[in-house]
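Each of the two complexes below includes chain A, the first together with chain B, the second together with chain C.
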Partner chain A sequence: MSLPRIVCPHNQHLLRTFSGQSVAVRVDHWEKAAEAADDVCSSGNELFCVIVDTTAPLDEIVLPDDWKQIPLAIMVPTIGKFRNLTAKLKAWRDFNLRVFLGCDDASNRAALRILSSLGIQTCAVFGSGKDDWEALSDLMTYAVLGQLPHASIDPFSFIATNYQPNAWVDWGALYFDDPKHFLHLDDQGRVALSRAARERGDFVAQSLAECGAAAELPAIKHRKRTFMQYFLDNHACSFCPGWKLCLGRFSASVPQDNGCSGFFLEMIDVSRQFKRLNVMPQDKQVWRP
Partner chain B sequence: MATVILEPTAECNSRCVYCDGVREGKRSSARMPMELLEVLFSRINEFLLARPDENMEVVWHGGEPLLLGPKYFRGALRLQEKHCAQTRTRIRHCIQSNLTLLTREFLGPLKELGITGFGSSYEMVPDVRGFGPRRDSADYNRRFLDAVCLLEEEGFTWGVIYVVTKLSLARPLEIFQHLANLSKGAFGFNPVLLYGRDLDYLRVTAEEYADFLGAILPAWWRQREELSQVHPFDWLVGGFLKENTSLTCCDSGICARTHFSVLPDGTISHCGRASDWDLLDYGSILNTSLAEVFDDPQRAVLMQRNTVLPEGECKDCRFWEICHGGCPLDAWSWAGSFLHKSEWCMEKKLFIEKYLEPLLEREKKSGNGSNGAGACLPEKPEPAEIRTVERAVAGSDDGAVTWIDPYGGLGDALMLSGVLKQVNDRDPSRKFNLVDRTKYRAILEGHPAIACIGHPPAGAKLLRTDYWASHLFQVEHHRAYQVLAGLFGLETPVEERLYAPFELREDSLLTGAIPWKKLNVLISHSSASPRKEMSLQIWERLLELLDREGVLAVQATRLQDRYIRGAFSLLGLAGPRQVISMMKRFDAVITSDSFLMHAAHLCGIPALVLWGPTDHRTYGYPEQIHFQAKLACDYPAGCIGPEHPEFYASKCPQGAAHCMNSFSAETICAAVMDLLASNRAMRSGEDVWLLADLRDNAYKKF
Partner chain C sequence: MSWENLIYIADFLERSGERHVSLLGGEPTLHPEVVDFILYLVARNFVVTVFTNGILSPARLQEFKTHFADAEVEQLSFVCNLNDPVLTPASPGETERINTFLSILGPWVTPGFNIYRTDFTLDFLFECINRYGLRRHLRLGITHPIPGKGNLFIRPLEMRQVCRRLYSYREKFDAFRVKPGLDCGFPICQFSDEELGWLRRLGLSQFSCSAAIDITPDMSVYHCFPLSNYRRKSLFEFDSMAQIHEHFVRIKDQIKVEIAGIYPECDGCNYQEDGICGGGGLCQVLLRFVDEASVRLPEIEHELAKNRLST
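Take a look at the complex of A and B:
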């Protein structure tokens, strides 16, 4: 069985310890993105994307024209000054990039909407415990049902597109947080199941070589079955009508804050509307010469 | 389809509290020998060869069939291949298992037998289903969920039955949602069947079970497109609405023609319950063919129910077609004879009469119809009483304050404000509440006729202001203001006065920023409907011409509106109150059919209004100059109006040939300059006659 994609730091030595993998390489400064992409390709691996995880605001980032083909995940704390950004956005629309922005505060939520309206693909990062679920509902509704042309805002666009009446939608992979799709390496090549696990030193293997059959690793099997505990414990999330989109992702704040339940219930409703809007019945089809 | 309930073992690894086998100590460790299984397959083959149109469903049941181990199923597969070479495509296998013994090794042979899904059971209430004398449900459920993960990884489907006991009755919706979350929509409910055993802490009556289902019904109904496989709602509701004619074996009335069961020792009975109670013994598989099983005279009494019951206990029952007196074995257990109805008939009758029919009635009243899937609101509080525009009931005849449910744009809000002022002037004690919607507060907050702005409680009286839905508007073509006034009980015609319920206060920051000229016009090209907008090219040409005449054009509409080159832009900087407050600074307004047209009337500022698909006779004010494009649209599908509300937000499909583009910038400019000249004269008091002249020419046809 092949391994999931690998998320690893930009480290030439580490990259050469494995090959034939699809790699998302992590850098902490945008200037290193192209070099990191080159290093992945020259290591015998396939570049999945470059994750630019930086504390700099988006307006400080410069993307040279010859980076257009590099898949970029740009994780920034804010967009900075919009006036600085405006000059860049037109060119950025041609890039293969998605901007990740936390949406704990109103200005970032507005920024996500602005970037989307200007054709930049984005991903809202939430779940810090300080979520304004009402405001997120507004953003989600705009992302999914807004009629003016705009770029996608994940995870909302992803969820609505992948919504099925009788299936769960797992969108952790959008944040590289799903061991079915991504394993995380630290500088020493140790394997963690998520970025958070890597940061707290919770490793499931000392190297990728130990993950020959990744799907059979007990830790990975356990992580894939975390949903079970909600049902075994009769946790409030297992009774929540929003479960199939959230899968207990925000359970830490339940039941003190049940805002997530209302949000995901609305998300289900919006997703249904989205599906209906995107199915044009025969009798509604207008002739075309 | 002929169906064999195959019980290759009576043994079970679980000790579910309500299980008949556990209570009666019938769970022997006997397993059907392969030799007997071989006989069964040869009997099936013989039966199917003789009946080329028939199929056979083999339901692997138990006990727990997985106790047999994977090897047993591989053996079954070999026997089927050996004995049913010609008929195996007409044999369909399915399995009922508690899943707690499932391993990957089972899945290969089961898949080869054609099994693609598992039927199972689940219980979230602790210690009802479980292992050992203490019924360890935690371990049981963990193994069950492990198996579910395995099934999904391997592409099998699965569904569960939830057995409703007295322990479940207090939490119907929680249990429903829990099962919906877990099983992704494939689950069902059965009442616990205790058959006289002393388990009162579990027992549910037919009425309690009906109430349990009734509590769930609204939630299921709202999602019934997505939860179309939830028993018994799917077949009970589907059957009642005649959308679905398939019934379970219990209610089909034809199990005598379709079912038999085979026990580990080869004994043939009618079904699991019949064999548990030593009823309907059809012999042994060793010496009885399946043709003989189906011809057994004991079956006659089961068919007899279909003639006896409709003349007796079920006479005139309108639910006969979906019940047929229920399960004959239940009837035997309850009344001691097959020729009676089951006690669970009552459950169906109560469920339908107490819950389903009232729900359908509410649906019908709310216009959703019985097929209005996805559009139902049964679980929500009774809908607030909607007072339609045909009923002029703005007054409150029972003392409760009416809530105004505002519809339309800002211009409609200004009209509403004027109407309310007139209502309040005539009777200052008459007050209304206003449903809080973002844009109306900007106009109506502080209005003397509005007691509060907020959210109406359940059951509140609502008065919608969508006057355009009125017959008076649609058919008799009354003016919008007059129809609105009629809704609030004013005797029409009334004077069409607008009203600003706030102090006019200029924002010096805004007015100080404007590079005023001698002549200044406020313009609005935008409308809530793009079909009411003239093209930007004509606007730009107009502004170019006005600029040559020394006229400043200021654009002060919404942030998202397109900027017109040549205008001084206040886009997004001034709200409706600020626009109205600074309007007196302007010499005229040039606008499409929009808020600015009403605001100009409110402030007494001359206006030139550009009309396309809407009619100036319905909305325009007499002192204004109206340029009306051709009203009757040539486009075959028509244009916006009561017949085509769906066109409101879309652009005109005729593109450049859009009626609003038939205006010429030069003509508009000339008219504006005339208007400005006459206005100046009017303001200086020199040529008052010009005003009359304007009024006479108010309804110009372009």
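Take a look at the complex of A and C:
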């Protein structure tokens, strides 16, 4: 079985220690994105995307035209001033990019709508413990049931599209936080199951070679089963009606009863509405080999 | 106005097939995010008109200069309401700011003038148009009554004088190649045939009063500014602009059943029946309710009382 995708820092030496993998390479400045993409390709790996994780606002970022083919995940604290962005956005619609923005404050929630309404794919980052769940509900409703077609605002668009009445929706991979899909490497090539685990030095292997068949890795097996603990512990999340969407994702960061339950319950309702609105009449099926 | 509401309105208009947006106030240029709002609407391919008094702070004017200097005049324009410098002079500081605004954004500016007295003058406007290279179109509005407010406005019996006065500027309009644009409320019967011939040659043939559809920052909708207190509704109660128009046409019809127009002769007038004339502004018509005995529909009576319009 092949390994999940690899998330690693932009480090030529590290990239040459493995090959044949799908790689999301991290850079801390947008100017390094093209070079990082080239280095991944020349190392014998396949580029999944470049993660630009920067403290600069979005309006400071310049994307040259010849970067259109580079898949970009741009993580920024704010969009900066719209007036500085507006000339760029028209061109950015043709880029293969998604903008990640935190949702703690109203201006960022508005920014997600602005970008989406102008055709830029976005992803809302929430669950810091300072969330305004009611405002997030408004954003989610706009994302899923907005009056006009607009670019997706994940995870809401992803959840609504993949919602099944009798199944969980796991959307951690949108944030590169799902060991079934992504393993995280540090500069020394040590393997962690998430970005947070990497940052706190919680490694499951000293190198990719140690991982072998990733699905068999005890740590990944354990991570897949962590949901059971909520039920064994009789945790409040285990009997929350919103469980099948959040899977206890915020149990550590979010204080109990602060609105996340109501939010995910509403998300289920909105997803159902979305499914109802998007039922396509079944086409006549003509045989095809 | 918040970004959320602005985006909701933009979506609402786009879904309704509406491509024109006007930003009004108060004074819209005072909004801290006005530049971003305008740029956003332009990015959404709306044709944007900003109504302003032209009194902009130097910092705001610099922002306008930086961001709108390359705007297509077909997509972004300003209507600057100007006051007569003799009859209603602005302070020297204000005049200087207006002049600076016009000198920088002149090609994007349509001058506007609100007629609130019968001895109005337009000479200064022609001078402004030439001096600052403004658009050769003059938006002329009649000041209307706001029912219940007791404001200064042109009364029905003064309309003829206004029309005559306007026609007295014909030579200047023609010489400066400026086209007059009449806002709602001018009744066709108050123009002579000669005056109408001139207006017709300039392409003006409608004298109706239709809903402007104003949307407030709290997402209320109303017919127009003079009727801002009359039967407001929330924008969220509608699915499209067509529904809003339908709603206000219904209100208008309800009023017109009671009183056809601002003159007794409006009742049975062919021009009104053919939709060429609106029988004056609806606000003027409504004012007749306020002043007359309550022989109207209970629904109208109730609304007048609720909004304290029948003072």
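To be clear about the criterion, the second predicted complex is superposed on the first by the 273 of 289 C-alpha atoms of A that agree within 3 Å, B and C clash if a C-alpha of one lies under 4 Å from a C-alpha of the other, contacts with A are read in each partner's own complex, and residues count from 1 in each chain.
Following the convention adopted for this analysis, a contact is a pair of C-beta atoms (placed from the backbone, for glycine too) under 8 Å apart; a residue touches a chain by one contact, two chains touch by 3 or more.
All figures in this text were calculated on a predicted structure; none of them were measured in a lab.
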So, after the overlay on chain A, do chain B and chain C clash or fit? They clash
Message = Just checking: does A:Leu265 make contact with chain B only, chain C only, both, or neither of them? Give me first, second, both or neither.
response = neither
Which of the two partners, first being chain B and second being chain C, lies in contact with A:Ala151: first, second, both, or neither? neither
Check: Now for A:Leu89: first (chain B), second (chain C), both, or neither, which partner does it touch?
Finding: second
Notebook entry, point to check: After superposition on the shared chain, which partner residues are touched by A:Ala56: those of chain B (first), chain C (second), both, or neither?
Noted result: neither
Practice task
Answer with first, second, both or neither: which of chain B and chain C does A:Ala110 touch in the superposed model?
Solution key: second
Given the touch rule stated above, what does A:Pro241 touch, chain B (first), chain C (second), both, or neither?
first
| said: According to the stated criteria, A:Leu232 is in contact with first (chain B), second (chain C), both, or neither; which is it? | reply: first
Does chain B (first) or chain C (second) touch A:Ala173, or do both, or does neither?
neither
So the chain A residues that chain B and chain C both touch are 147
Within the complex, chain A is touched by chain B residues 124, 138, 141-142, 145-146, 149, 174, 177-178, 181-182, 184-186, 225-227, 374, 649
Counting only contacts in the complex, chain C reaches chain A at residues 2-4, 7, 10-12, 14-15, 33, 35-36, 39-40, 42-44, 63, 67
The answer for chain A against chain C in the complex is residues 81-83, 86, 89-90, 110, 113-114, 117-118, 138, 142, 146-148
Within the complex, chain B is touched by chain A residues 147, 165-168, 224-225, 228, 231-232, 234, 238-241, 243-244, 272
